[in-house]
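Next come two complexes built around subunit A: one with subunit B, the other with subunit C.
Up next is the complex of A and B:
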């Protein structure tokens, strides 16, 4: 589904990604792990076509189509949903407005109606008239995921979704991620929270100073303490 | 390491974990639906009574207020919702006024056809402005729209064979059946009310929400799949369309147009109306237009130093009500509501 091949990206003269190659298949949750500053968010930005960084080499294909050179909204329109780091909601819009921004015609095409999203996140239904800045951290994360789903994605890129959440909310988020996988979504989960990532992911890549240094099924990684200690400091 | 999800406790406590202050918070309601209805009925009653209570000069001031309120609201569509402050809307407004007066006085055409042509010309001007300006933001957008407005002003000043140069164009363009002031007043009231309703619908449509999203973060909107330049282009064009409609009504009202109608001062005044009333409130444009036109015309009756009074009012507003008069009133009502609840 998503295939990244030999991706090099830089912020000006600072090379951040050095030949990253990885893939995310349909119905799989792939965790991208790594310590702070290793290039995880840069990878997400590169996939979404956001500048900076500037992609200098390599390719990003989604369902066989090259994404490099496309503008961010064109990439998003190819059914790639982004749940950005820090949620990035619209402070002045209500929960309902976040989910109805798409327009009636597009919402009809989407398999995610507002009612269905409120079924998935009942808490949001109760908060439908609250504005983005009036929500708790967990509610914001739910809304960020719901907003991404309104775009009818087939692939979800989730950038540190558990960041700043209470443990119980992280568990709730994990359950949601697993539900989405059951629905056939491919999910690239960028996480610093190793435990959360290992709880849901099928396989994991470890990013170290811009390069993939390890790739293994999660079950194997869970028992590979030397690797986790070496690259993740656990 | 934590146990996998399947081995953990059930998640019923999720709800409890959320039971922080967020649970008890309710979105602040500035006014109840009933209070809103009462205010709306009072406003309508007040506006309907105007030509009977204060006929003559004061009614013409209210007519002028309604027309400029429409211009101000069209500016607010862009400034308050899309976050793009335009200094070119005075020119778009004035183009419509010029076209109406030219078509009727020089061309001898029908005023209704003139109105259609005026709105079409203003919309075309808005399209041109939008194509040039939408890729900029902040001070660059401001300067670019200012420059475009200056070009229009220069053309109106120098293209004397069409625009009449500094002398402008003069002539009665409103149809004869609108000659009586109360009839004309109600014509303007109905037209501006309809436009206000349309602008409100536009601002609160899913498309209007995308403009608000763009105002908050363009990059976020892009990653959500929205073509930001296209949305801004449409937003600018719609805003220009309403400014053009206001311009055609101004032609009916003023029966005169000169380069001062398309000058920078016109755009600045429209923007000041928005700022005084409250950016992003839409109806703030009406409040701002009422305050500024009242001050300009009524204070000047008592003192020659009325611009000083106007300047003082702007300073006081900026310091004590930076969110504008309507925004200030909303904050005040919300605070009182919160105090009442607590």
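Up next is the complex of A and C:
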């Protein structure tokens, strides 16, 4: 579904990704792990066509089509949903407005009506007139996920969705992610929270200073103490 | 006493004109972070277009519509052919829009010469009207009502339409709007055209009582900048209050301290900014 091959990306002269290759298949949750500053967000931004960084080499294909060179909205329109690091909600939009930003035609085609999103996240329904900055941390994360779903995505890119959430909200998030996989979504999940990633993912890649240094099924990684210690410091 | 009321009315009506022009400026500045130094030149172009159409057709309404469309078209060209290629580079934006302002100014000088013109207004808006004990020009009252209508129209657009929601979202985080599958460049173009059209409309309205002449644009530009700096970028209410502030200070300053007219505006502005660096209604980005 998503295939990244030998991707090089840089901020100006600072090379951050040095030949990353990985793939995410339909119905799979793939975790991308790695310590702070290793280039996880840079990878997500590169896939999404967001600049900076600038992709210098390599390719990103989705369902066989090259994404490199497309602009972010063109990539999103190919049904890739983004839950960015830090949520990045719109402070002056209400909850409902976040979910109705897309044009009527696009919303009509989407299987995620506002009503269905409020079914998935009842808390958002109760706060539909609140603005982005009036929500609690957990509600913000739900809204960030709901907003990405309006895209009718087949692939979700989630960048540290559990960051800053209380444990019960992390569990809620994990359940949501698993539900989405049940529905056949592919998910690329960037996580600092190793235990959360291990709880939901099928396989994991470890990124270390811009390169993939390890790739394994999560079941194997869970018992691989030396690898976890070496690359993740746990 | 009644002289003071008269001056206050003059201040309010000048503020009305400033609001119409500066609301266009702040829309563009708020969403795209572009300080459009050609905004005054767009005002002047709108005034001259309105002048031509008003003379040809004898219709003030047509003059307004034609100026809005023509200047929106200039805005479209400016954005799609020039500005979008300089990206977020502030220095290049400033140089580009300043250059455009100079070109448009010279163009106006070549076409319309150095004389001052006044856009003719319809019979119905000429002459004075009695409000209580005050006798006041009808046209200026019309201008006041017009600016209120523009305020309400823009507020409805921003609050209750999808384009309005996209503009607000874009002010918050334009890149994220794009990542949602919405072509942010299209939102930018529409907003730039809308902001330019407001300058053009302002040119016709202002040209009917302030006269049009080749450097009329720099005054309007400087006043608009002051309005936006005082009101805070991208805020409609801030622009309204900033306009009132600048309109009143400009009018009373000219009456009371004619030699210090500019200082009377920019002195308090500097003081205000010392305490509220983002303006009265400014929010951090």
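A few remarks follow.
Rule of thumb we're sticking to: the second predicted complex is superposed on the first by the 234 of 234 C-alpha atoms of A that agree within 3 Å, B and C clash if a C-alpha of one lies under 4 Å from a C-alpha of the other, contacts with A are read in each partner's own complex, and residues count from 1 in each chain.
Convention: contacts are C-beta pairs under 8 Å (C-beta built on N, C-alpha and C of every residue); 3 or more make two chains touch, one makes a residue touch a chain.
Here the structure is a predicted model, which is why all the values come from computation and not from measurement.
Because the two structures share subunit A, they can be overlaid on it, and in that overlay subunit B clashes with subunit C. In the superposition on chain A, A:102 makes contact with both subunit B and subunit C.
Of the two partner chains placed by the overlay, neither subunit B nor subunit C lies in contact with A:192.
Looking at the superposition, the partner that touches the larger set of subunit A residues, subunit B or subunit C, turns out to be B. Residue contacts after overlaying the shared chain place A:48 against subunit B and subunit C alike.
Residue contacts after overlaying the shared chain place A:71 against subunit B and subunit C alike.
When the shared chain is aligned, subunit B and subunit C each come close enough to touch A:92. Residue contacts after overlaying the shared chain place A:147 against subunit B and subunit C alike.
When the shared chain is aligned, subunit B comes close enough to touch A:175, but subunit C does not.
After superposition on chain A, the stretch of subunit B whose C-alpha atoms clash with subunit C is 95-103, while the remaining options among 95-103, 185-193 or 329-337 stay clear.
Residues 48, 50, 71-73, 76-77, 82, 84, 88, 90-93, 97, 100-103, 147, 151 of subunit A touch subunit B in one complex and subunit C in the other.
Interface of subunit C with subunit A (complex): residues 162, 165-166, 168-169, 171-173, 175-184, 283. Residues 1-2, 4-5, 8, 11, 13-18, 20, 22, 25, 27, 206-207, 209-210, 212-213, 216-217, 219-228 of subunit B are the ones that touch subunit A when the two sit in their complex. On subunit A, the positions that touch subunit B within their shared complex are 48, 50, 71-73, 76-77, 82, 84, 88, 90-94, 97, 100-104, 123, 129-131, 134-136, 138-139, 147-148, 151, 166, 168-169, 171-172, 174-175, 178, 195, 198-200, 222. Those residues of subunit A that touch subunit C in the shared complex are 48, 50, 71-73, 76-77, 82, 84, 88, 90-93, 97, 100-103, 106, 132, 147, 150-151.
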